[in-house]
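Naming follows writing order (A, B, C and D), and every chain is counted from residue 1.
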Amino acid sequence: MELILVNVIDGLVTGLLLFMLSAGLTLIFSMMGVLNFAHASFYMLGAYFAYQISLALGFWVGLLIAPLIVGVMGAGVERYGLRRVHQYGHVPELIFTFGLALLIEELVQFVWGKNQMAYDIPDILNFTAFSIAGNSIPAYKIFMIFISVGIFMGLLYVLTKTRVGMIIQAALSYPRTVEALGHNVPLIFMGVFGVGTALAGVAGVIAGPVLGTFPGMAFVLGSIVFVTIVIGGLGSLWGALVASLLIGWITTFAKSYNIAMSDILNGIGIATPENLSDNMFRDLWTVTSPQIADILPYILMVLILIFRPAGLFGKRES
Amino acid sequence: MKNITKLGAVSALSLIVGATAAFADNIKIAFIDPLSGPFASTGTNGLHQYQFAADHMVNEKGGVLDGQNFEIVPFDNKISPKESLIQLQVAIDQGIRYIAQGNSSGVANALTEAIAKHNKRNPDSRVLFLNYAAVDPALTNDKCNFWHFRFDANADIKMDALTDVMAADDSMKKVYIIGQDYSFGKAVAAAAVANLSSKRPDVEIVGNELHPIGKVKDFTPYARKIVASGADAIITGNWGADMLGLGKSVIENGYEGPIFTYYAAGSGMTAAFGESAKDRIRLISQGGINPIATEEARATYDAFEAKYPEGNIDQSRIFNVIGMLAQAIEGAGTADDVVAVAKQLEGMEYDSMWGGKIFMRPQDHQAIQDMHVGVHTNENIDFDYDNSGYGVFTESTVTMASMDSPTTCKMKRP
Amino acid sequence: MSTAALELTGLKKSFGKAEIIRGIDLSIGKAERHAIIGPNGAGKSTLFNLITARFPPSAGTVKLHGEDLAGLEPYQINRKGLSRSFQITNIFPKMTVFENVRCALLWSQGYKYSFWNLVNRSRALTEGAEAILEQINLLERRDLPAGTLSYAEQRALEIGITIAGGADVIMLDEPTAGMSHSETDYITDLIMKVTEGKTLIMVEHDMGVVFGLADRISVLVYGEIIATGKPEDVRADPKVQEAYLGAALEAEH
Amino acid sequence: MNDQLKTDPSKPAQRMRAGSMTLTLGPWIVAAIALLVMPYIFTSNSALTIMNQMWITVVFALAYNMLLGQGGMLSFGHAVYMGLGGFFCMHLMNYIEDFGLAFPLPLLPLFGGLFGMGFAMIIGSFSTSGAGTRFAMISLGVGELIAACSVIIVAFFGGEEGISGDRTYGLPFFGVEFLKQIEVYYLISFWLMLSAVLMYLFSRTPVGRMANAVRDNPERAQFLGYSARWVRFYSFCASGFFCGIAGGLFAISYEILTEENLNATSSGVILLVTFLGGVGFFFGPIIGAIAFTLLQTVLSLQTELWAIYVGGLFLATVMFFPGGLAGLMMMHVPALRLGKAGGLVMPYIKTLIPGAIGVLGVCALIEMTFHFRHAAKGDHEMTLFWTTFDSHTVMPWLIAGIVAAVGLGVARATAPAMKEAWDEANTAGGAS
């Protein structure tokens, strides 16, 4: 029972972290129609910048400045790269971000080398907040929860209560009309792209110390972010939140409990074949839930796309 | 203007041909390992150790035979079996007869088979495979061949030695085994179960599981399970980011016992573990460097550090590879006839500067050597890793580990 | 008495709460040229889309030659001999003019999804496509990408694509929208020429075109047909007068 | 509607794209002769191996472009179809060996193709109902699933070390045992020619033509009597078939298949290859495959930083030449037709050569920075462009910097003249 509570907290942390990435991505997608493959690369840049800054000025300065730098870089990418490619259509745009992701990974290796960086949790947060049945919950995780919830609230406030938010929401659905009303839509696009990548940067800054800061960190996260926003429904902030938490919990629980395929199959009345080691499907019988935990989101996505193409909360078909 | 065009044409051509231009007198060793991509740090560090070892142990001492130098030719295989096979072909075409590779047993499997086929089909350009790090036991058992030599201990030997040390600790009651879901992870788990149940039948294995390799972002759920199981020891074969992620996560989430593992040092990992993992991680390896075994080794390490301040000698067996190859070539009197060289290597006994003897077992081409279990600490460390102040200090040693272990290898000799 | 080419019975369509088409009964005979007119927002295009199964109707039936079209996909309806054009030009912009027309011929010439025939080996296809290009006067534009044609030419091409498959019921959605007078005359003549002997149903704003082409006219206002009949009868109908005048007055406010 | 077509369409290059290519034998004969002659020019085994790799990639890229270029479907998991075809062939090869069946090796790729097509039929049955994001994300999901299965289902995929076999155990085929690389080369070349011709012919069939129509305007295609879904499905299956053939050729060439044949990286690479070559032209992927294989194998022998250059080249291509290398070449067709291409030669030399030298200068700076940062201490010597120098002195930096600046500067200064010459060369008649 206690373990369930611990898993709920762990899943929440994972989910909220995913949300910080997917929130920016879903905004960018719904506004510009671009599936930004380089989104996780900005997350990586956030971690590396924060590491570099933390060496000189400490963790907190890094938390403030690194996302800003990442956001400015993101805006620059939109202004000087994407906007140019935009005229050729969506596929070249997507491929542009794909190439960008490769290039960023190479550049990070060029600058920082290929090793894992010793980017650590700040001492002030390096203690155990509380324990549940011997499982310690580090204070840093509580801190991560607060940061991400804060960002979600802020985002929700800006989007629903401020004038800028209204314009963005309108531009999401009717870019031409908004432009006709005298708003600078390219500027809005650039701003949204910048903010979206900055959010990814924040995620990188706070995830770097726990999940590791290394050149492969973007690749590890890469496609799962897309999966999240597709499951949630493209363009839906709430969808992104729900899908992130869903994925966080599904993967956490799947890893925490060793459910074997043979148990399930036996449970529904199929007996284990006698000579399992000679059986063609022997590997399927021995599959356990932790083995497939990280591909469950993909299965979920394919199923959702087949049966509900708009995603959980999406209004339009992708 | 014309000159520029000409220059351009010439340079374009030589770009392609350049790779094949050879220095006739050198004995070339192709180093086929990842130099770009996610595993590049290990590969690059290995390359530096090879280059340093060749210069330091052979070239600066006048070379082998009548003054021939060793030359390490790097090939980037991007840790892909396909690329490795292409690079192997390129290397063979450049007249290279010695292939060194170590990262990834998958690549090693592909290479050893390709080399066996190549040597059978092209007797004029046979090559030897110097495997310095791929530890899949199959390579010296079912899949063994005459051309393959393994200088590292295989996963079974390492586990045998590791469990010898573990078994001596009476307080250990519950063990958790976790690893990456692929051949090596499974081999480690199987060996751990077999060894523990014979050496310490009283010890309970409270968990034995596999996780996807290179895909786990957050190890917290695994850490929870391990803590909840009440394990007082963890055995894992994880490496790279999976090792770091697992190690940090279990320590952070309240696990108190030791982690017994294979690859948790160097390549940035020692620095990243730092204080948090002090006295918690125990590594099995050959050739311990703290305390250093010989003065020669100390001088070598000092020279290496002077040349590569950011590098580590974390695979000291590379020096054994170079030393043993040089000795074999001297013994055979030729570097071109790889069969003669291979026959010299078979059964060779070599005194390593890192301490102890190395015996290349002729029946399966598996090097038998001393195995050390070391602890991750910052005390008594002469040679740290990653300039972090932390390193691995040898706590116990198993001499000539698994000398008489059985092998299923049926070596076919030419 | 022969069955009508197209027969609508009690056709309704709602989007959410808004009822756009409120029960339409209409029968169009074979080889009749029928125009649907009405003020903006009356639901003319929606009606077209209902007939061609772009949207499913909320209620009612559509019968083509007496056969119920319920549940059929657009491509299945097309195979039954109903072809349409679109209000917004809808061609294959990256393919040549010739290929646009040839693609439209493929199904009717029985090629289906075959991958064992080569299209440029078929003389019937080439000649058929060229005959249509000749009809729509685009023969010399044959090898240009369709996207590069002028607007009127693109509209002509679209009509060509629409008739190419040999459908006997042709539906044109505002074929002359946005055209100059001379272009309009040109397209009107073209429609006259290519729909000879076929059933034509068109939505049109230009009353000149409508009265020049149509055998019968239906007036659609707020999702209902308020009048159907010969052009002169419809023109005289007081309800029509009122609807158009009312709409005009409303527009002034 | 016109926003997909921003490039000037009055150019005949665009006309070519529009697909009125007639079946001319010329290029095919040239290609066949080139395939036959290549081994006499590049005789070494490694050259043969690299060429084998190239031709396999060509088949794969052409098959991929059946979807991306011809059908407008973007797949993120296409390595799966090639990989599965290859795995199947490998099992077949081992089966033949174990049971001593009389089965000629050259037919093997056909079975890979059938298996690839079979799998494509299963996936295509639900993924092809839409193009766009939905198709792309399903392909991504399926790709990840199969890649994950490859380490879980060891019985079929052999885990991390994959499965391997020996091509020489089958019955000799008219006395050829496929011991030598050259024999394998001709086997692969034969299948390359056959597949390329078949794929080209496929694009000329009714369903191939309709694939283009569905790509441009799925709704209109529906009103021509064709179900967009079925047209996509057929393209998808055909693509799966040729991917499977590529997989079979891979199995023969390397005699091993591993997880890397299925993973996301391979799927991503084929997207890069195809786009680099140009999706708008049938021969685009061929150029892309050749260029990429050379970059990957030859450039990576020269520098560790090859991936940076490839990434940069790729981004530049997407940004400035969305038609890819093939598009770049076909841009010159109008000038050639007008007989004015000669007028372009001098302006090109004046701009592009300094530009290239400038770019090389920049590369030199990158290499030197890398060496400065990451080389061993005391190892100041580096060799670049056949000159050995000390990277810790000012001089080389100065030289490289000046070369880069002057080269790019000259290119920039002469660019307007080149543009002018370009416009002039593409104007019919003209005031020359």
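The definition used in the following text is that contacts are C-beta pairs under 8 Å (C-beta built on N, C-alpha and C of every residue); 3 or more make two chains touch, one makes a residue touch a chain.
By chain, UniProt protein names: A = Amino acid/amide ABC transporter membrane protein 1 (HAAT family); C = Amino acid/amide ABC transporter ATP-binding protein 1 (HAAT family); D = Amino acid/amide ABC transporter membrane protein 2 (HAAT family).
Everything numeric in this text was worked out from a predicted model, so none of it was measured.
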Key: Grouping of chains that still touch (sans chain D)   = A, B | C
Query = Most remote chain relative to chain C, going by C-alpha centroids?
reply = B
Key: Euclidean distance of C-alpha centroids - chain B vs chain D, Å   = 35
Key: Euclidean distance of C-alpha centroids - chain A vs chain C, Å   = 48
Chain C-chain D separation of Cα centroids, rounded to whole Å = 44
Task = Pull out every residue in chain C that's touching 2 or more other chains.
result = none
Inquiry  = For chain D, give me the residues that contact two or more of the other chains.
reply    = 4, 148, 152, 307
Request  = Specify, in ascending order, the residues of chain A that touch 2 or more different other chains.
outcome  = 113, 291-292, 294-295
Ask   = Can you list every touching chain pair?
value = A-B, A-D, B-D, C-D
Request  = Within their complex, state which residues of chain C touch chain D.
outcome  = 52, 54, 73-75, 78-79, 83-84, 86, 88-96, 98-99, 102-104, 106-108, 111-120, 143-148, 161-162, 165
Contact set on chain D toward chain B in their complex = 44-47, 49-50, 53, 148, 151-152, 159-162, 164, 166, 168, 179-181, 250, 254-256, 258-261, 296-298, 300-302, 304, 306-307, 349, 353, 356-357, 376-379, 385-386
Note = Note: in the complex, chain D contacts chain A through residues 3-4, 6, 68, 74, 76, 126, 130, 132-134, 136-138, 140-142, 144-145, 148, 152-155, 264, 268, 271-272, 275, 305, 307-308, 310-312, 314-315, 318-319, 322, 366, 370, 374
Inquiry  = With touch defined as at the start, can you tell me which chain B residues reach chain A in the complex?
reply    = 36, 38, 40-41, 44, 181, 209-212, 214-218, 220-222, 224-225, 227-228, 241, 244-245, 248, 252-254, 267-269, 271-272, 274, 310, 386, 388
Task = Using the touch rule from the top, collect the residues of chain B that touch chain D in their complex.
result = 1, 4-5, 8, 11, 14-16, 18-20, 35-37, 40, 44, 48, 75-76, 78, 80-83, 85-87, 89-90, 92-94, 104-106, 109-110, 113-114, 117, 121, 136, 181-184, 186, 212-213, 215, 306-309, 311
